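Let me give you the structure first, and then I'll get to my questions.
All chains are identified by letter, namely A, B, C and D, in their written order; residue positions are counted from 1 within each chain.
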Amino acid sequence: MKVGIIGLGYWGPNLVRNFLAHPEVEKVYGCDKKEDRIKFIASRFPAVELMTDYDEMLAKDIDAVIIATPVDLHYPLAKKALEAGKHIWVEKPFTAKSAHAQELIDIAAEKNLRIFVDHTFIYTGAVKKIKELVDSGEIGDITYFDSVRINLGLFQHDVNVIWDLAPHDLSIMNYLLEGHKVVAVAAHGVASYYDHENIAQISVYFDNNSFAHFHVNWTSPVKIRKMLLGGTKKMLVFDDMENFEKIKVYDSGIEMKTTESIHEALVQYRIGDMHSPKVVATEALALGAKEFIASINEGREPLTSGKDGLDVVKILEASEESIKNRGKLIEIA
Amino acid sequence: MKVGIIGLGYWGPNLVRNFLAHPEVEKVYGCDKKEDRIKFIASRFPAVELMTDYDEMLAKDIDAVIIATPVDLHYPLAKKALEAGKHIWVEKPFTAKSAHAQELIDIAAEKNLRIFVDHTFIYTGAVKKIKELVDSGEIGDITYFDSVRINLGLFQHDVNVIWDLAPHDLSIMNYLLEGHKVVAVAAHGVASYYDHENIAQISVYFDNNSFAHFHVNWTSPVKIRKMLLGGTKKMLVFDDMENFEKIKVYDSGIEMKTTESIHEALVQYRIGDMHSPKVVATEALALGAKEFIASINEGREPLTSGKDGLDVVKILEASEESIKNRGKLIEIA
Amino acid sequence: MKVGIIGLGYWGPNLVRNFLAHPEVEKVYGCDKKEDRIKFIASRFPAVELMTDYDEMLAKDIDAVIIATPVDLHYPLAKKALEAGKHIWVEKPFTAKSAHAQELIDIAAEKNLRIFVDHTFIYTGAVKKIKELVDSGEIGDITYFDSVRINLGLFQHDVNVIWDLAPHDLSIMNYLLEGHKVVAVAAHGVASYYDHENIAQISVYFDNNSFAHFHVNWTSPVKIRKMLLGGTKKMLVFDDMENFEKIKVYDSGIEMKTTESIHEALVQYRIGDMHSPKVVATEALALGAKEFIASINEGREPLTSGKDGLDVVKILEASEESIKNRGKLIEIA
Amino acid sequence: MKVGIIGLGYWGPNLVRNFLAHPEVEKVYGCDKKEDRIKFIASRFPAVELMTDYDEMLAKDIDAVIIATPVDLHYPLAKKALEAGKHIWVEKPFTAKSAHAQELIDIAAEKNLRIFVDHTFIYTGAVKKIKELVDSGEIGDITYFDSVRINLGLFQHDVNVIWDLAPHDLSIMNYLLEGHKVVAVAAHGVASYYDHENIAQISVYFDNNSFAHFHVNWTSPVKIRKMLLGGTKKMLVFDDMENFEKIKVYDSGIEMKTTESIHEALVQYRIGDMHSPKVVATEALALGAKEFIASINEGREPLTSGKDGLDVVKILEASEESIKNRGKLIEIA
């Protein structure tokens, strides 16, 4: 298999390294308009064939294109690649508009090509372990999902903090709460420094009584990456800043009691043991590359498909509309 | 000075102990309808004169009444006390309705009586220290206030999690952001177990560009009491679960840069030193009692007055209306 | 049952409160030479009959004497009580000399009286849970015990940091490693400020290959109360500064592998899950009082007997001799 | 400048990368007996010229030799390099015997060559910042140094845990306590699994009243890298497991009070603010390489010289002798 990577910026070297290391990849091409990025990659990865023209790369005998450019270029570059008959890997968020995402999905379906959206957290040992726990029924039904992803982050020029940070957590939510349908979204926040919001508080309503909330923030003095998952049986905390005990499962919870007297407590809580399962430390990107290539070989959708990318973009779009209207509730079709 | 305490439940012994210990208090009366509470207080505090009838206590030669009953009784008991010419101390939240709070304030004003609302955090060493830092200008202008107060809490029968937990954080916000005017509130959340919400996410908009957010939750497996304060000069974290380093002030922040080219970064961040000031550990309730009695003696408003209680109740009321309407934005008059 | 407490200082009120609360204790007497302590206890606990003369208290119709004075008075007061036919409760450390401890044990045996030494940690939920885990075999054979108990502590006038802090950890060690025999002790440290050592590092050798170490320190800027327990099957951490997850059991460890080649690794390690059992929060002192009275009623040795007190004093004595001689190894008979 | 690296194992790639990146290094040679290491380095760093024979590398026109082999080879390889007129960089610990270290120092002196011992922590932002604080007098006189470096570590085949882990902390101690003279050492510990000790507790006595202690351990379920520094003015904690607040300086301490009455407290403690200075994050190895080359160019001793390496080896040697004799006190000449 031969692959071409367009966009060799911050994330580019990681993509190059992982595709080079994949046993089925025999050739990696790289493309970037900036000469200094070409030089940098050339010095680090002499095996990569580099160029500045995207059409030139598409003309090569490549099977797949990896798109790692700014978001607004995802759609035109992806469309061109699909039309040239290439499978595509697109960094998160999939596209800047849901209509674009849908169009790409349609083209890929028509041409029987694969779309892989790089929701990279889905391939981490931690999220895979949490998914196992949820699917096994150990947590019970999910009552809420709460996520905080805040730090002193680099302001983006083209998008607000929602488009920058929330895709991670939304993709994790969709993965873990598979089968739950998002029906409405509201987002509050503030743009303290210029026209893009640096703080956002996103609430997500589901068709059952579940609820999710996301706090994303570029202006926190401390770095927090913490997720709570409430279940009818157990509760779980995922703290990605912990080096060793990332996941803690609490045998604690809330129990409904039927009582004869309405004056007595109807809800009781119990505190129990805690268990922290070992998390496998394999690099997520390597597992993502493996899944992408397997999906191509096997002619099937990858674990993080265009559809998954679209689902996240829909919530981002709704959040954007909501935050610009002081938290107006936006229904999700 | 002589005081009478009505409501000798969970919080009652602390009130009894602190008023007994106040050097200007010569006599403490106690009142509760429940015989077992009367017995309990009698065994622990033999100096307190106890009774089960509120009118009987009001008829005593007392200067002030301390009200520590369920919220819905605050208004009728407070009104009766004021009409009997007594100063009042009311536990948080001040009242269940803002109209009631206003009425009590009016009566007290007419009769020249003091209302003290027990926003107890205002009297902690930590919040006093933060107030000092804010007032000194060290933090700069406040850009945001973010608070998380979650744990596996006892469900209340009469109110939801907003009325139970948010008064603490709202009173701290109003104290620290003195001069900032709240203009609108929205609250999202869920009632997972019965008709009262156990999770709430409250967003508060101000008349300037400041923003505040509150996460209160009775169904978290872990206990978090953390507040972030963003300023134009410094940023502050108040972690009330820390035993020793409750306040951390970060000499880190966001700087606006004017650049010639619009393509260049306009916002930059810097990371600097951190400083954790020593926090004095005096019991907040003792300082509250001291302030209440001083305000009576000096004929002035206490630090946490009826007006402060009303301001908090207004936001609670708006949050309640909003959460029942999926986050509808509620303007604050 | 009637009890008399001698020494009403720092720890006195806790003893008074817990014995008053014990259902089988019908009368509590208290004794202290200092009038201000007598007054303080009188105001807080009006039910206690107080006096300043120890002989007067011994002459009362009491069953047991609780001794909570400075260490050097333990022996004479305890001896007098035993000779007067009273059971005794002695605060830690049991005595200042092992010969005194042995003498008290002998008197008690002859008169069939109970000696309870207040190794209070043995009655905490955490230590009881750890004992359960050790006794169940889940940890395997204990390979090492490591304890750190350091903070900015009050310097004692009469003893060094070893006598002040180490009794806690030594009593826990002896309890958990029941059956392991201490054979030698060495202690290093320094007296930075006056003639009593403020830092001590104590090493304990056993008759099998186990090893224990204790770091006690009055001059640490941070408070650490952490114990590690290495086992052949699992490893355990007890962090007493944690509010919620005091005990963590690690399914991690060291495995010996027999290999064909001597050049290959003989020792391998594995990393596994972690489990944090719920710890019951009952006050240790209440459980200690219960055990003391039960041992009297049942005519049997209490869980923390004179023998346990003696075992700790022997190690303290050896540590003292060692630290005065730059860590000279002291054999324990 | 041209350099040759002997030993391309675990640490080799880091050395190769950093010397390749140094602007004054024009050529890097690499040498290892193992073909697979040669292949690995060749694929990652095509610019390096590789070989399996050390003499062949020494015969090249190189200025300096970097020695990153097992400890027992340091001495013969270093001697050969010095005799061939090359400057040397030796990984820690410098040598397995202090006599060997002295001999290498003498040869280098005679031939006017530089010896750099890679005490890499000396070049970290954290240790440099602590050194600044100590040298500025802010901490006052150092009363004690306490270090814990424990984790579930790989057992070494040739040395015990002292030789593996303690060189880091001993080099930091010597750097920070410059001017303090070590006079005696004692080490206790245990070999739980085979003939090399996996736990060691090392006490170090100075010619003034300072004291240092080191706990190194390959068999701890948790990873701790914590250093306490007690001073007469302030106290400092260095926690290398913290991502952001590695250094905390406590304005807390111990004060001697002269009192008229001998019954009054002579020692008092105060608790004050805490300050956490920003730590620069430059890679230590890059700064080490820079210092090595600067010392060659300027004909002066590097910051971590052969003398520094010898001082550490002396304490390691004494610790080894002591631990084999149950903590016998070993004087340091």
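As a working rule, a contact is a pair of C-beta atoms (placed from the backbone, for glycine too) under 8 Å apart; a residue touches a chain by one contact, two chains touch by 3 or more.
No experiment lies behind these values; they were computed from the predicted model shown.
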Longest centre-to-centre distance from subunit B, chain (CA-based): D
Of C-D and A-C, whichever chain pair has more C-beta contact pairs: C-D
Centre-of-Cα separation between subunit C and subunit B, whole angstrom: 42
Separation of subunit C from subunit D, taking each centre as the mean of its C-alpha atoms, in whole Å: 39
Centroid distance [mean C-alpha coordinates] between subunit C and subunit A, Å: 53
Per-residue overlap in subunit C, given as positions that touch at least 2 other chains: 222, 271
Of all residues in subunit C, those that touch subunit A in their complex: 245, 251, 271-278
Subunit A partner contacts - residues on subunit D that touch it in the complex: 46, 222-223, 241, 243-244
Residue numbers on subunit D that touch subunit C, as the complex places them: 143-144, 146, 148, 150, 152-155, 157, 184, 186, 188-194, 198-199, 201, 203, 205, 209-211, 213, 215, 217, 219-222, 228, 230, 235-237, 248, 250, 252-254, 256, 265-267, 269, 271, 326-329
